[in-house]
Structure formats: C-alpha cells, structure tokens
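Handing you a structure now.
Letters are used for the chains, namely A, B, C and D, taken in the order the chains are written, and counting of residues starts over at 1 for each.
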Amino acid sequence: MLQALYENIEQTVAVILFGIGFVILLLQRNLIRKIIGLNIMSTATYLFLASMGYIHGRKAPIVVDGVTQAIHYINPVPTGLVLTGIVVSVSFTGMMLALTVRLYRRYRTLDIDQIALMARQEEVE
Amino acid sequence: MSKRRSDWQNRPQERFVRWMREGYLALDEAIEDSVIQPGEAPPEVDPELAAQHQEAALQHRHDRDLALDRLAQYDLYAWTLTKGRRLIGRLHVLLSLLLGGMIIFFLLGTVAHMPRFGAADVPANNEVITRYIEQGLAETGATNMVAGMILDYRAFDTLGESTVLFIAACAVLILLRIDLDDKGQPTQQLIAEESDDRHYEPKNDRILQGTAILLTPILLLFGLYVILNGHLSPGGGFSGGAIVSSGLILYLNAFGFKKAGRFFSYKTFQLVSFGALGFYGVAKAYSFYCGANGLESHIPLGTPGAILSGGLIMPLNIAVGLVVACTMYIFYALFRKGGL
Amino acid sequence: MSLAHNFPFFTILLCLLAGVVTSVLKPRAAKYLTLLVSLVVLVLSAATLVLTLRLESSYSFMMGHFPAPWGNEIRIGRLEALMATGFSAVLFITLVAGLYHMPMFVSQKKFSLYCIMVDLALASVLVMLYTNDLFTAYVFIEIITIASCALVIVRQNGHTLVAATRYLIMNLLASGLVLLGIAMLYGITGHLLMEPLQEAVREIYQTGNYAQPLTVVIALITVGLAIKSALFPFHAWAPDTYAFGPPMSSAILSGIISKAYIFLLIKFFYRVIGFDIIRQSHIDDFLFYCGVAGMIMGSVMAISQRDIRRMVAYSSVAQIGYVYMGLGMASMAGVAAALFQMLAHSAAKSLLFLSTHELVSVSGNHKRFHSLHGAGYRNVAAGIVFTVSAMSMVGIPFTGGFIAKLYLASAAIPLGGGMRVLVLVALAVSTLLNAVYFLHTVVSIYRRPAEDVLYPPAHHIPRYVVAALFVSMLMTVYLGIGSGPIMRVIESGLKMFA
Amino acid sequence: MNFVNLALLGMLVVCALAVSFTKNLLTSLIVYMAYSLIMAVIWMLLESPDLAITEAAVGAGITSVLFFVTLKKIHALQGDRDHEQAQK
C-alpha cells in the first residue's frame, strides 16, 4: 500500500491537502483563515484532477512542428477542467471576502462564533 | 368565550405544543391576559387617548415577547460561552480532527487503488483524448489543444464559467456597492469609506507612481499578448484577463480613483461585460444551433499557427479576457471603497 | 430535427442572455424582462413536454459541432420536460406574486442585480435538469450556489449576512466533495459524459478493478448533493437562510433550487451508476434512514419554533426527508413517489412562504404566533392560500401532499418487512407532527384577535397577486385530484430516463 | 526532477499546515501566497503550462490582492493589539 501511495505521490499529497483544508475550515474560527482553508481544499482537488492527465515522457498539449500523434502529448482534458475550477474558486473567494468585509463592518470581529452570537442577540432586541 | 378557549387549550395537540415550547406558550397566554383588560379603556375617553393606549398595549406586548425570547435564547448561548465554552471547544476540536483524519484515511485508501500516476494505459487516456489531440488542429484550428478543447469542443462549460465570474461580480456589487443618494450626492457612508481608504496611504507616492508608469504598459501589453495568443501558446482569456486587470489595479493604486475613473467607471463595467458576454453567448448560440441542426456555420478556421486562425477561438478569448479583467478590477475597486 | 427539438436549448440560452442583458437595464425594465423570460421558459418547456409525450425515447441535443463524448450535450426526455415545466410554472407564479413586495427588501438601485440572479438561477436549474455531462453540471452548480447566496443577501441585515456566510461555507464544502468525486470518477473511467460513464461503471462492477474508488465516488457525490439540498443531518444552513431572506428568495430556494440538486442526484443514480450498484454500496440505505430521521426531526424542530417563518423553514427540512426516503427505497415506485413529492412540495412551499409574508405583514411584521391572531381575516386571500398549502404539507386529501404520501406508502409495500413497517410508521408519525404545527398555525391565524390591539392598516394587495396565489393554489389542488396523468408521465419518463 | 517534485510537494503540505499555525493573519496570507506559487511550479512540472500561468496570475496574483485589500479594510495590516485579541 505504501508503495502504491508513493507511486501516486501527487494524488497522495492532494488528498492530504484536502484533509488539511477541511480541518482548517472546521477548526479555525477566523473567517479569513476559513477562506484560506477553502482555497487549499479546492486547489488540492485541482491537483488531484490534474495528476490524472499526466503521462510520463510526454509533452504539454501544444502542437509543435505539426506533430499530431496522440503518443506525444499528455491528456488535455484535466487541464481544461482545472482551468475552469481555478476561475470558479477565485470568484468564490471574492464573494466570501466581500461577505467578510460586510460582517466586519457590522460586528467588528472576524470570529464567526461571536458574530453568530451577536446576530442572535440582535434578533431578540 | 373564555370557556370555549380553555376547552380548546386542553386538547392534547395544544398541550403537546405547549410541552414542546417548554411552557412559553402558557407564559404567552398569561401576558395576553394581563394585557387585555376590557374595562381599562372606557369608551367615553377621546379617540386619541384610546389610540395611544392601544399602541402602548401593542408595544408592551411586543416588549414582553422580546424579553421572553431573550431569556429563551440567551440561556443556552450564555452557557456555551461561559461554562460550556471549553467543553464545547474541546469537543469541536476533537470531532473536527477525527473527521479530517477519517477523510484523509479513507481517501488515502482510495488513492492506493487509483490508476498508476503517469502510466500510459490509464482509463483516462482513451479515444476521447486521441481525437482531441489528433483531429484538434484540423477541427478547431488551434495549436493550443487546451484552448481548442475549452473554447470549441466543450464551449458550453466555458460559457458557464464566464457566467460564474459575471454573477460573482454582480453578487459582490450587491454586497459592497454603496449607492449615491437620490440626489446623486455621495452618502455619509461613502465619504466615511473613502476617508478610511486613504487612512494608511500617502496620497502621491513618487516611487509607486514611477513604478506604475513603467510597469502598467508592460503589464497591459503582456496581458494582451497572452489573450491574443491564447490559441497558439499557453494562456488565453482567463490568465490574460487577470494580467490586464493587475495592470489596471496597479495604476489605480498609484494614481487614485479620480484618474482611474476617467477610463473605467461603473458604466464601463456594465457595457464591457454586457458586450463581451453578450457576444460570447450569441456567437456560441449560433454555433450550437448550427451544430445541433446539422448546418454549416461558415466560420473560417484559417491557417493553423497564424495569429488570425482558430475560427471563433480568438474572439472568444478576447471576450473572456474582457470579462475577467473587468470582474477582477471591479472586485478590487469595490473592496477598496465600495464603488468606482 | 424540427424547431421544437431546439426549445430546451432556447430556454437555457434565453435565461443566460436575459441575465446578461438585465445588467444594463433600469429596474423597471429588468422586472418586466424577468417576468417575460420566465413566462417564455414556461411556454417553451410546456411545448417540450408535449413534444416528448409524442416521442418514444428521449433525444440528445449537441451543444456544438462535435458529437457527444467530445462536445457537450444535453438530453431531453419526458421527466426533464415535466420538471422544467413544473419549476418554471412555480417560478413564474412566485415572481408574479412576490415581485411587488421586493422593494421592501432590496433598494431600487440593486433591483436589477436581483433580477440577474433570478434569471441565472433559472438558467442553471434548467441546465441541471437537462445536462448529460457531469462537469457541466458542476459548473452550473457553482452558478446556482452564488445566485442563491445573492438572492438571500439582497436583504442586508445582520442575520442574512451570517446566514449567507454559513450557507456559502457549507455549500463550498459540498462543491469540493462533488468535484473530488467527479475527478475520481474521471480518473477511473476516463469519461465525463453519462452514457459512456455508465458503460465504464458496469465494466468496473463486473471486473472488480477500481471497485473501492467507485464506492468512494458514489459516497462523495451523494453526500455533496445531500448537503446542498439540506438533507437532515446536513441541514444546519437551511433554516436561517430560508427564514431571514426575502420571502420570494426563500420560495425560490426551497421550492426550486434544492429540488434541482435532488434531480441531479437521481440522474446520477440512474444514468451514471445504476441502481443495482447503488444497492450494493448501501448508499440507498443511508439516504433512507437520513430521510426518515429528517421527516421526524424536522417536524419536531418545527414545532419548537416560535417564529412562523422559521417553522416553515424547518418544515422544508422535513419535506426534503420525504423525498430522500422515497429515493432511498431504490425502487422505481419509490423514485417516482419522490419525484411527485418534489413537484407537490415545490408548488405548496413557495405558496407557503409568500402567504406567510402576507400574513405577517398585516400583523405589524411580528412573526410570533399570538401576533398573528386574526390575520386570516385581515387578509382573506392569504389566509385561504396558507390554509390550503398547509393542508398539502400535512397531507389532507384533495391536495398534492396527500397523494405524494399515498404513493410513498404504496411504494413501501413491496419492500422487506422491517423497512415497510418503518416507512409506514414514519409516515404516520410525521403526518401527525405536521398536523400539530400546521393546524396550530391555521387555528391561530383564524382566532379572534384581542380587541384592543391596533394593527397597522392593511396595505392594498394588487389583484394580480391574489390571482397568482389562487392559480398556484389550484395547482396544488390539481396535483391532489388529477395526479393520475402526472404520475403516468413520471413513470414513463423514468423508463426513458436510464 | 523527482527530488524537486518531492520537495515541492512536501513544501505544499508544510505551507498548508503553517497557514493554520501562524499567529498573525498577514503571515498566514503570505504563506498562502507561497503555497499558490509552489502550486504554479507543480503545474509546470505536470506539463500544464496553461494552468501554471493561470494559477500564477489568478491564484497567486489576484486572489492575494483581494485578501490584502480585505485585510486593509478590516485594519489587520498594522497589527494593533485589540484586533489580534479579537481574532483569538
């Protein structure tokens, strides 16, 4: 099993990063760190996805000198998918940060638990 | 009437509800009874006083209601913040670590069973890929197969992706944009934001401005190069747009909103994103419609490798680049001071 | 291929383009454009439904010049068309009945942005109904996540911000799980399109290579979509989001968007994996027990609420539990019942949110039950509509909810002993609990108000709003009376679906 | 090549852990920037130049700029004490 994990080292690291991002997301109460955790989680997924496309000894999928045999190039599909993913995750980051700014403007703290408590108190006031 | 009401209250269903609400309903009733006292507002009092009385009664009831709520909700929360805080904190840490560990463990077990990294015989390396690579140049006219794939073969995904950016920009606009008031004058909040924005910054930083003068044109040119060569070399609309927007952000930082506002206002954002996304949508709609109905689309593919080649890919890259640049710039401007 | 075959594509594109065009429009024009678009989508979807009723099997529509495994494609069958028609009808009625009170929640200058969100949410719901490609589904899931978050935060107060943050965090977590699942599935099969995926999955099932990753993939995608549709243990984000957002947004979120995720999950089960493998992996049992727990716990939590909108929000959790229970039976009848429940709940829940708002607004915006006394007299139309939709939620005969429960119960009959008893007991208990809190509310809106309490003067409700609410109410009643044809469409659609 | 790859992947994990354990928000942000840059290099090693350029421009560039401007908005850049307290 360890041998298999070592051979798939990219995916192994991606999975570990996914777990770390997940734990940061759950444990950190600071919103900014939570967002960083989310970003780590999504990049880990992209690393996992991109490692599916790599094939030893082949080149990036850009046609050079008119060579179009499939055995010369790596798989372009994961690259395209990850490209989409990166752009999606930057839009989410922007949106989460905007929410953070608004929450800070209102409650003057970044601690999500305290913010929730204050909102709760506001409700009954 | 009161007898009927008490009968109704004694029904099992009502009693169950009362039990569920831990007796607060009974308190509600008590308040209600204390508020409604028929004899209290005699009919001959002048109507204004009666209205005041009624309003006071409503307010009183509302206040009592809130007080009860505060009691009900604050109890548990107060406990979690004081005595229960450490216990809950520890429990949370323990559970999170356990969950994270379990996720890592299970996924590692999965990774060990996944196809070998870098092998040529993985399932992902199938006939789909072969056609993308071997026919891609002839069918899309793009040397960069990734660009050909995301903007021609799987263009619908990319349309969705540009829409994600657009909708995120709109959502951030909802959250952070501070509107002018009805007369078109800046509101108090906007002025406060602006002064807050200048808080740490010298107004005209010579070093920053000098660097910006030097770097902005280079960044813009490089961004344009990346966008325009998207079908020939790595890059394309997304990365090029981000580079262009970083040039714009640098300019904005060095010279302030007034100067940047001369060429980029909210109107510009609206028009550019409308134009670019509209063009993207219409162009792709035409191509999808032709493709699905078996019509010829009459879009020349050009000589592969030349700058004017790849059919719709270059215009689409430009559209995507514009959307990305606008979105990123407006993100930045909105974060800075809630407007452009 | 005739012009009518293009209609689903037109609806998707129309919504996307309308979203883009709306960004440069004035608020008034934006409002009318949104209404028009949802009406056109309704008409075109109905036409598609008529077309697919004539066809023997579903057809696929190429998005581009390249056939399926290379290009994107959408696939249209009876079930998709039925759902699209139902959802766009619900959306249209919600817009007609809800847009007039939106100025209370969103400033005039941000109103066109709100309309963009509605348009794009409809577009992505349609794509999720029709798509035949997992990655396209992922991209549009992300659009819908942003759109629904923005639908909530247009009402800018502390609660909506906190609720939206919670919503976004939970949903991004779920998106991460879904994407990881799709990545793994791509790694072990090499496809993203559903038909080749199914072949590859069958092969994996037969040869046993990569069987362990396949189980993990099923778990990841199921849990991800379950979080997004607020299944019971993952529902933490739902009540606040539904209760504090503008009522129209809550109606859209709970009535349409959460159903779109479930439809995608059904599609994933049917078209990608196949139910025999689902049964093998025991994911269906997991969904079944979560659904049953949700039915009971959602109702219990709804009873303990003191705020009418939170009560309605928790009842959503309970109703989603019904859908997942039907899905967890992993049989044709169970899934058909779940689909019917989706339609019935979608129609009734949007009504419930809208009429609740009307009732609250004639009671001085106090959401406590005793402030609502007599609200049914102050606003007669809203009272009637609320009563009927509450009856549908409880499952009183002649409403959609009753028929849905009946189908769920009859789907449980062929199951094994323990499960059958559990389904029947859970249905009975949950109906009882629903009755407790909904009938209590209905009784309290028709109780005589205290004589001396001064309520604000009832604002005038436009006639068309009342008309829209009544049309939607008739829809709920129709689902209860004329359920036969709809159920036949669902069953034949499910046969075409796989 | 293999050694470089392993070192980069190891650094990724270290950066991800460091984000969580640093005391100061600004530090964790800079660590995250480093994480993105390493990721860009890894894309390059995986023969995906498209991803490398996009990650460098979008992930390490724009995302970090957005994070920094947020930190500025919430007055966390000058590191005054009560904010540090508020974050804990």
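Details
The definition used in the following text is that contacts are C-beta pairs under 8 Å (C-beta built on N, C-alpha and C of every residue); 3 or more make two chains touch, one makes a residue touch a chain.
Please read all numbers here as calculations on a predicted model, not as lab measurements.
Each chain gets a centre from its C-alpha atoms; the one nearest the centre of all protein C-alpha atoms is B.
Should one ask which of A-C and B-D has more C-beta pairs in contact, the pair is A-C.
Between the Cα centres of subunit C and subunit D there is a gap of 38 Å.
Centroids of subunit A and subunit C (each the mean of its C-alpha atoms) stand 28 Å apart. Rounded to whole angstrom units, the spacing between the C-alpha centres of subunit B and subunit C is 21. Counting partner chains per residue, subunit C has residues 135, 139, 142, 146, 149, 153, 156, 180, 184, 186-187 touching two or more of them.
Residue numbers of subunit B whose C-beta contacts span two or more other chains: 69, 107, 109-110, 113-115, 122, 124-125, 128-129, 132, 144, 146, 154, 157, 161, 164, 167-168, 171, 175, 234, 238, 331, 335. Along subunit D, residues 49-50, 54, 58, 62, 66, 70, 73 each make contact with two or more other chains. Pairwise chain contacts present here: A-B, A-C, A-D, B-C, B-D [touch as defined].
Listed in rising order, the residues of subunit C touching subunit B in the complex are 1, 6, 9, 13, 16-17, 19-21, 23-24, 61-66, 69-72, 107, 109-110, 113-114, 116-117, 120, 123-124, 127, 133, 135-136, 139-140, 142-143, 146-147, 149-150, 153-154, 156, 180, 184, 186-191, 200, 210, 212-213, 216, 300, 303-304, 306, 364, 366, 368-371, 435-437, 439-440, 443, 450-454. Considering their complex, residues 9-10, 13, 16-17, 20-21, 23-24, 27-28, 30, 32-33, 35-37, 39-40, 43, 46-47, 50-51, 53-54, 58-60, 62, 74, 78-79, 82-83, 86-87, 90, 93-94, 97, 100-101, 104, 108-111 of subunit A touch subunit D. Taken in their complex, subunit A has these residues touching subunit B: 1, 4-5, 7-12, 15-16, 18-20, 22-23, 26-27, 51-56, 60-63, 68-71, 73, 75-80, 83-84, 86-88, 91-92, 94-95, 97-99, 101-102, 117, 120-121, 123-125. Residues 5-6, 9, 12-13, 16-17, 19-20, 25, 28-29, 32, 35-36, 39, 42-43, 46-51, 54-55, 58-59, 62-63, 66-67, 70-71, 73-74, 76, 86-87 of subunit D are the ones touching subunit A in the complex. Subunit B contributes residues 66, 69-70, 73-74, 77, 81, 92-93, 96-97, 99-101, 103-104, 107-120, 122, 124-125, 128-130, 132-134, 136-137, 143-146, 149-150, 154, 157-158, 161, 164-165, 167-169, 171-172, 175-176, 233-234, 238, 304, 324, 327, 331, 334-335 to its touches with subunit A in the complex.
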